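For reference, the structure discussed in these notes is given below.
Each chain gets a letter, A, B, C, D and E, in the order it is written, and its residues are counted from 1.
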Amino acid sequence: MSFISYLINGISLGSVYALIALGYTMVYGIAKMLNFAHGDVIMVGAFITYTMCSTMGLSPVIGVLAAVIACTLLGMAIEKVAYKPLRKASSPLAVLITAIGVSYLLQNVALLIFGANAKAFTSVVSVPAVKLADGQINITGETIVTIVTCLIIMAGLMLFINKTKAGQAMLAVSEDKGAAQLMGINVDGTIALTFAIGSGLAAVAGVLLCSAYPSLTPYTGSMPGIKAFVAAVFGGIGSIPGALIGGILLGIIEIFGKAYISSQMADAIVFAVLIVVLLVKPAGLFGKNIQEKV
Amino acid sequence: MAMLEVNDIKVYYGMIQAIKGVSFHVDEGEVIALIGANGAGKTTILHTVSGLLTPKEGTITFEGQDLVKIPGHKIVSMGMAHVPEGRRVFAQLSVLQNLMMGAYTRKDKEEIAQTLETVFDRFPRLKERQNQMAGTLSGGEQQMLAMGRALMSHPKIILMDEPSMGLSPIFVNEIFDIIQEVSKSGTTVLLVEQNAKKALSIADRAYVLETGKIVLEGKASDLLNNDSIKKAYLGE
Amino acid sequence: MALLEAKNLGISFGGLRAVDDFNIKIEKGSLYGLIGPNGAGKTTVFNLLTGVYKPTEGIITLDGKDVTGKKTIEINQAGIARTFQNIRLFKDLSVIDNVKVGLHNHMSYSTVTGILRLPKYYKVEKQMTEEAMELLKVFGLEEEAETLADNLPYGKQRKLEIARALATKPKLLLLDEPAAGMNPNETLELMETIRFVREHFDMTILLIEHDMKLVGGICEELTVLNFGRVLCQGKTSDVLNNPEVIKAYLGE
Amino acid sequence: MKKLSNKKINKTFRDNLITYGMVIAAYVIMQILVSAGSVSSLIQGLLVPLCTYAILAVSLNLTVGILGELSLGHAGFMCIGAFTSAFFSKVMENSAMPSGLRFFFAIMIGAFFAGVFGLLIGIPVLRLKGDYLAIVTLAFGEIIKNLVNIMFVGRDENGFHISFTNTMDLNMSEDGDVIIKGAQGITGTPHDSSFTIGIVLLLITLFIVLNLIHSRDGRAIMAIRDNTIAAESVGIHITKYKLMAFSISAALAGVAGVLYAHNLSTLTALPKNFGYNMSIMILVFVVLGGIGNIRGSIIASVILTLLPELLRGLNDYRMLIYSIVLIVMMLFNWAPKCIEWREKVAARFKKSVKKEAE
Amino acid sequence: GCGNTDNGSAATGTNAATESAAASESAASGSVFKIGGIGPTTGGAAVYGLAVQHGAEIAIEEINAAGGINGYQVEFKFQDDEADAEKSVNAYNALKDWGAQIIDGSTTSGACIAVTDKTKEDNMFQITPSGSAVECVQYDNNFRVCFSNPNQGLASAQYIGENGLAEKIAVIYDSSDVYSSGIYEKFVKEAENQPFEVVAAEAFTADNKTDFSVQLQKAKDAGADMVFLPIYYQESALILTQAAAMGYAPKWFSCDGMDGILGGVDNFDVSLTEGVMLLTPFAADATDDLTQSFVTKYKEKYGDTPNQFAADSYDAIYVIKAAIEKSGVTPDMSVSDICDGMKAAMTEITVDGLTGNGMTWTADGEANKAPKAVVIENGAYKAM
C-alpha cells in the first residue's frame, strides 16, 4: 500500500517538475539557450497570484490570469533587453551568463518587494482530493489539476509546433536563423513568441507548484528550476513529450530513492540515476541523437 | 525603372569593409550574372540584398521600395527568394518540411501544392527522398533542395549563390537549364557563379567584382569574348 | 601488391543501400579518381575507408594489413588521411597550428616536458615549425602562417586541409571535392599542386571530384559509382568515353 | 620563415609575461600597501579568496575555453580538494610535522584527489556533448556535496571509522575524535593559507595552464574543441586529451579548494560554497573574462569577487545592483553591437593619439 | 503582507543613533559604542538574518532613546553574509573598517564559527544571538544567547522522556544543516537513555525541501506517535500542511527553530499547529510587557511578527549593554580592552530578556536559562 502512495506522491511531485520542464524545454528547443531565469519567472508568477488572491482577495481565476499575462510580458521584456543583444554573440555561453544575472535580479527584486518571510500560498485548486482504498491512498486535487494541465499543455504545444505556421517557423528558427529569415520568417518575432509562451507557462507552473507545496519565498523558483532542467535533459532536452516523461520520472525516482534507499542521499540518488540514463542514452530518453553527417 | 536597383552600397563585417561602394541594377525578366574570385564579395552582396546584412551606406530599391528600411523577413513576401551559399537546408527537418518552409509566406494551399509538383518534376530525387532528414542528404542533393525550397515561394526574383557547386556534370547542365526555365517562366534571376562560362552563356548581362568593387560590366556575350575575363575567370 | 584494396564493401542507412558491393584496388603512387552522380555514395566510401562508418560487409586492406572496422585514428595511424567535402579546419587555431596538429603523432614530447618547458620542448617545437612551414610553402600558404584558419578565403582553406592531411604522413591521401567552389584558374592551380604533392611526397591519392577538367587532367584511373554500385572502372580516358558513364554522369 | 615563427613565439611569450607580470605586480603593490597600513581589513581579508577564485576561474577556463566543454560541476572538485586536504591537516595537526610541510602535503593531496575524481568522472562523462555534459557534471557536483554532507569520519586508537548516517554509527571509543561531522563538516582546520601562498599557487596554476596551452598537447586539445571529427581524422586520441584537460582542470580546482579550506576555521559543504551555484559563479568569471582568455578570467574573478563587497554601502540594494552590473557588463563585453562600438572608439582614440604624436 | 524590509538597515540604525545623539549631550563625536551585526539578508536564509538585524535595531533604538549605555550612544551597522562562512568574514572585516567594537553575530552557525576565529585574533567581544553549534563559542571572547545544539537535543529527549509524551518517535531533520543535524545527533544519542524509541530518522536537504511525503509516510508506517522536528519553522509549516493532507496526525515536538510558526509564515493556516509542542525561550504572544512592547514595535516597524532570531538578537544587545555597564568600559578604549572588560563582566551579569528571565553566562560562553516547554493551543503558546 505504501508503494502505491509513494508512486502517487512521486507522480504529484513529478508533474510539477514536468510542468516547469515544458516551459524550459520549449525555450531551449527553439532559442537554443538554457534560460536559467526560468525558475525565477515561476516565482514571479506565484507572487503575482499570491498578491492578487491572498492579499487583495480576488478570485483565483483572475489571479492566475494576471500572473500569466504579467509573466508573458516579463518574459518578452527579459528577452528583448538581456538576451536579444547577445543573440549573435560569438559564444552561446554569453547569454547563459546573462540569464544567471537576470535570475539574481528577479530574486533580489522580489526580496526587496516581498521580504524574505515565506508566504503560505493558498491553493488555487478547488478540485477535491480523491481518496482510494479506505482513505489510505490520497490523490490531491492539486495533483489531478497539475497532471491534466501538463497533458493539455503538452498536447497544445505539440499541436502548435507541428500544425501551425508559427510553430513551423519556430522549428526553422531553431535550426538556422539566417535561413529562416530567407523563408520570410520573422526571427525576432518568433523568438519573442517563444519566450512569451515559455514564460506564460512558467506562470502556470508557479501557481501550481505553490498550490501543491504552499511555501513561497523569493528563492522558491530556483531549485525547482534546476530540477526541471534536469528533468528536461532526462527526457531529451528540446523534446516536449520528453519533458513530461522526464519530469514525472524524476519525481518518482526522487520519492522512491528517499523511500527505499535513503532520505539522506535523495539528491545523490536522483542525480546518479540521471547520469546512468545519460550514459546509456546520451541524448536523454526522447532526444534525437543526431549524428553529424561527415 | 529597374526591378532591383542597388546604389553605392558599402558593407562591413565589424571593422572590415567587404563591399566598397557597389551599384548595379536588374531589370524585370533578366538573368544577371555576378562573377568574381574567391572573397570578392559576391555572397556579401546577395546577403545584403536579401536583408541578412544591412549596408552601412547606400540604397537598395526593389520595385520602387527601399529594402534597407524593410525588416528582412518581409522582403520574401515582396517576391524575392535566395538560394544561399552553403545550401543552409534545415538539417533536422525532412525534405518535404524544408520545401514547405519555402512556401512560408504563401497562403493558398492549392497553389502551394501546384508549385510543389513543379519542384518535384524538376528534382525527382527530392520527391524520392521527401521524408529523409535533409541533413543526411548528399552534398548535391542538398543543393537541389536549397534550390527547390527557394522556388517554393514563387518569387518574382531569385538570387542564387553558386547553385552548381558540388553538382555532377550532368546535373550542372541540368541546373542551368532549370535556371533558364525559371527565367522563361517570368522570374528574374541574379546569379553568382564560379562556373563563369556557363553563367555568362545563359545570362543577359553580367557584373565582374573584384575585392568589393565592380570592375567591369556589360552584355554577357561581350564578356564571354573579353580577353581579360577569359584569362581571369574562364580558365582559357 | 596494391596499396589499398577494398572488397565487397557495403553499408545501408535505414532502408537506403548507400554503398553496395564496392571494390577498388589502388596501386602505390597512382592518382585515382572516384566519380559519380550526386548521392551515388562517394563520400560514404570515404567514410568507410576512414572508419567514420563501419561497413556492414566487406574488407579493407591497406598495404596488406586489414583495417576493416578500425577506428578513425587507428586508420589514420595506419596511413590514410583525408579532407572533407564540407571543410573541417580547426577554425580558432592559426594556419601553422593546424598543420602542427597534423604532425602530432610524428614529433612528440611528453606532457611534462611541455609544461616544464624542458629543452626538448624547444627542440621539437622548432622542428615542427620548420616542417610545417615547408608544407605550407608547397601550398603557397607561408604568408598566412599566423592567420586564423577561419579567416582564410575558401580556396586556401581547402589547401590547408590538404596540407594538414599530408602532415600526418599518410600512405594514401583521400580528397573529397578539392576543387569545389574554386574558379577555373584556381582549379588549374590546384591541379598543379596535387601533381606536385604526388611527386614530391611520393603519395598515392584517391579523389572525388565533379570537375571533369581536373579529373580528366590528372587522374590516371577512375571508378564510377552509381546508386552505391560500381558502374565502371578503368583507365581515365576509357571510362570517360564509356557510354553508360556519359549517360549517367557526364551528359553529352 | 624563421622570422615568422619567432614573431609568434614572441607574441605568446609577451602575452604570458604580461599575465604573470600583472599577478606579481598586484602582489607587490598589495604587500607595500598592506605594510603601509593603507589597506582596509575588508580588502585584506579578501586577498586569499581572490587568489582562490582566480585559480578556480583559470582552471575552469581550461575546460570551457580550451577543451570547449561546458562543466557545471567545478565546485565539486573544489569541494573534494577542500575536504581531503582539511582532513589531512586535521589528522596531522598534532603530529611532529612542521606546518609548512604539512600544508605542502595538503595541497598535493587536495590536487591529487580532485584530479583523480576528475579522471574517474571524466571517463564516462566526456562522451557526452554540450548541455548533456553540463548537466552530468552538475549532477556529479551535487552528488559530491550530498555525500560530504552526510559523511562522518572519526579516528580513535583503532584507526579511522566512516559512517553515512551519524556519529553513533562510527562506533568509536570514548576518547575518539570525530573529524568530519556530516553537515557540520570540519571545524578548526589550521589557518595555513596566506596571500603569499595564494599568489604562488596562482602563478603555478598559470604556469601549468599557459604552458599546456602552448604545447603539443594543448594544440591537440584545442583541435578537438574546434572539430572533433577532423581531429580524429589526423590521429588525435580524443578521449586521452579530453581526460587530460579535464583532470588537470579538476586538480587545479582542488588546489583552490585547499586554499579555501585552510583560510577559514570551518568547512561545510553548503549549496552556497560547493553547490552548483558556485560552479555557475566560476563559469560567470570565465565567460565574463572571455572564453579561452586566461588573463581575462583572473580579472573577471577579481572584479566579480570584489564587487559585492564594495557595494556593501548600498545595504539592501547591494545584490540587486550587483546583478544589474553583471548583466550590463555581459552586454558590454559580448554584444556584437557593443563590441563594434568599442572598436570604433578605440580606433578613433588611436587616431587622435597618433595625430597628437605627429 | 509586504514588510517594508527595504528600509535601509544600517541607515535605520544610524539614523536612530544620530537622532538621539543630538538629544543627548554626553555623546560627543567619537564617544559612541559601535556594534556590528552579521547575518544573511539576501539568499535563502535571509529571513533569519533580517530578523537578527531588526531585533537588534529595536533594542538599539530603545537604548539610545533612554540615554544610551552609561551615557554613551550606540551606533549599529549590519552586514550581509549570505549565510556563507567566507562572506561572513568579509562582513566582519567590513565592520572592522567601520570601527565596530562589539559584534552581534553571526546569525548562522557555520558562518559564526568562521568569524569567531577572526574576533579571537582581534580580541573583539562577540555574542551570537543564534549560532547554536558548539564551536560558535569556542573562544573566551565568544558568547551566545540561544541554546547550543547538543543542549537542545538533550533537553528535548529528556523532556519527552520524563513527561512520557511518546513511545515511538520519528525524527525529520535537515541533514545539510548544522543546527538541525546537531540537535538530531544529540537527541538520538540521548534517546538510548530514555523510555522511548526512535523508530524512524528521515532527512531532507537544503536542495530538497518541498516534498516531505516520504518522510511523513515513513514515520506513519513506523507507527510513530510523535514526530520530532529539530528544524526551522519555514519547513515545518510545509510538513504540517502535508501531514494534514495525508491525514497523519501524530504529536509534534520541536525546538526553538519552530518558533515563528505562528506569525512567521504569512497566510499560514495556524490551525494546523494545534497541539504542537516546542521547547523555546521566546513566544511572540507572551503577555509580559517586555514581549508585548517588542512585538508591537517590531510589527509597526517591519510589518512582520518577530521570531526567536529577532528576540535573541534583541536580547544580545541588552546583554552587551549589561556587560558594558557592569565592566564600565568606555568607547574610547581599545577593542581588546573593551573585550577583556566585557568578558569578565559576562559571568557576573544577570539579564531579564525576551528569551529568558535571570539569564546568566558561564565563562565558556553558554547562557544559563531554562527552556520553556510550550504547546500551541488556539493559535497561541501555552506553558506546559
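One rule holds in what follows: a residue touches a chain if its C-beta (ideal position, glycine included) is under 8 Å from a C-beta of that chain, and two chains touch if they have at least 3 such contacts.
None of the values given here were measured: they were computed from a predicted structure.
A.B. asks: Give me the fewest steps it takes to get from subunit C to subunit E if each step has to go to a chain it touches.
C.D. replies: Counted as steps through touching chains, the separation is 2.
A.B. asks: So which chain is farthest from subunit C, going by the mean of the CA atoms in each chain?
C.D. replies: The chain farthest from subunit C, judged by C-alpha centres, is E.
A.B. asks: Have a look at A-C versus B-C and report the one with more C-beta pairs in contact.
C.D. replies: Between B-C and A-C, the larger count of C-beta pairs in contact belongs to B-C.
A.B. asks: Based only on mean CA positions, could you tell me how far subunit A sits from subunit E in angstrom?
C.D. replies: Taking the mean C-alpha position of each chain, the two centres sit 36 Å apart.
A.B. asks: Between subunit A and subunit B, what is the separation of their C-alpha centroids in Å?
C.D. replies: Averaging C-alpha atoms per chain gives centres 42 Å apart.
A.B. asks: Just give me the whole-number Å value for how far the CA centre of subunit B lies from that of subunit D.
C.D. replies: Here subunit B and subunit D have centroids separated by 50 Å.
A.B. asks: Roughly how far is subunit C from subunit D, centre to centre by C-alpha average, rounded to an integer in Å?
C.D. replies: 42
A.B. asks: For subunit B, what residues touch not just one other chain but two or more?
C.D. replies: Expected reply: 136.
A.B. asks: Could you list which residues of subunit D touch at least two other chains?
C.D. replies: 142, 146, 150, 165, 229, 316, 319, 336 - these are the residues of subunit D that touch more than one other chain.
A.B. asks: Hunt down the residues of subunit E that sit against at least two other chains at once, touch-wise.
C.D. replies: Counting only residues that touch two or more other chains, subunit E contributes 5-6, 41-44, 175, 203, 205, 207.
A.B. asks: Strictly by the criterion at the top, what is the full list of touching chain pairs?
C.D. replies: Final set of chain pairs in contact is A-B, A-C, A-D, A-E, B-C, B-D, C-D, D-E.
A.B. asks: Show me the residue ranges of subunit D that touch subunit E in the complex, using the header's touch definition.
C.D. replies: 40-42, 44-46, 49, 142, 146, 149-150, 165-168, 182-185, 187-188, 191, 260, 263-273, 275, 309, 312, 315-316, 318-319
A.B. asks: Can you list the residues on subunit E that touch subunit A in the complex?
C.D. replies: Going through subunit E, the ones touching subunit A are 1-3, 5-6, 41-44, 46-47, 50, 175, 202-205, 207-208, 210-211, 213-215, 217-218, 221, 234, 237-238, 241, 245-247, 264-269, 303-304.
A.B. asks: Write out the stretch or stretches of subunit D touching subunit B in their complex.
C.D. replies: Per the stated touch rule, the residues are 336, 339-340, 343-344, 347.
A.B. asks: In their complex, what parts of subunit D are in touch with subunit A?
C.D. replies: The contact residues of subunit D facing subunit A are 64, 70, 124-125, 127-129, 131-132, 134-136, 138-140, 142-143, 145-147, 150, 164-165, 229, 276, 280, 283-284, 287-288, 291, 316-317, 319-320, 322-324, 326-327, 330-331, 333-338.
A.B. asks: Where on subunit B is subunit D touching in the complex?
C.D. replies: Residues of subunit B touching subunit D: 14-15.
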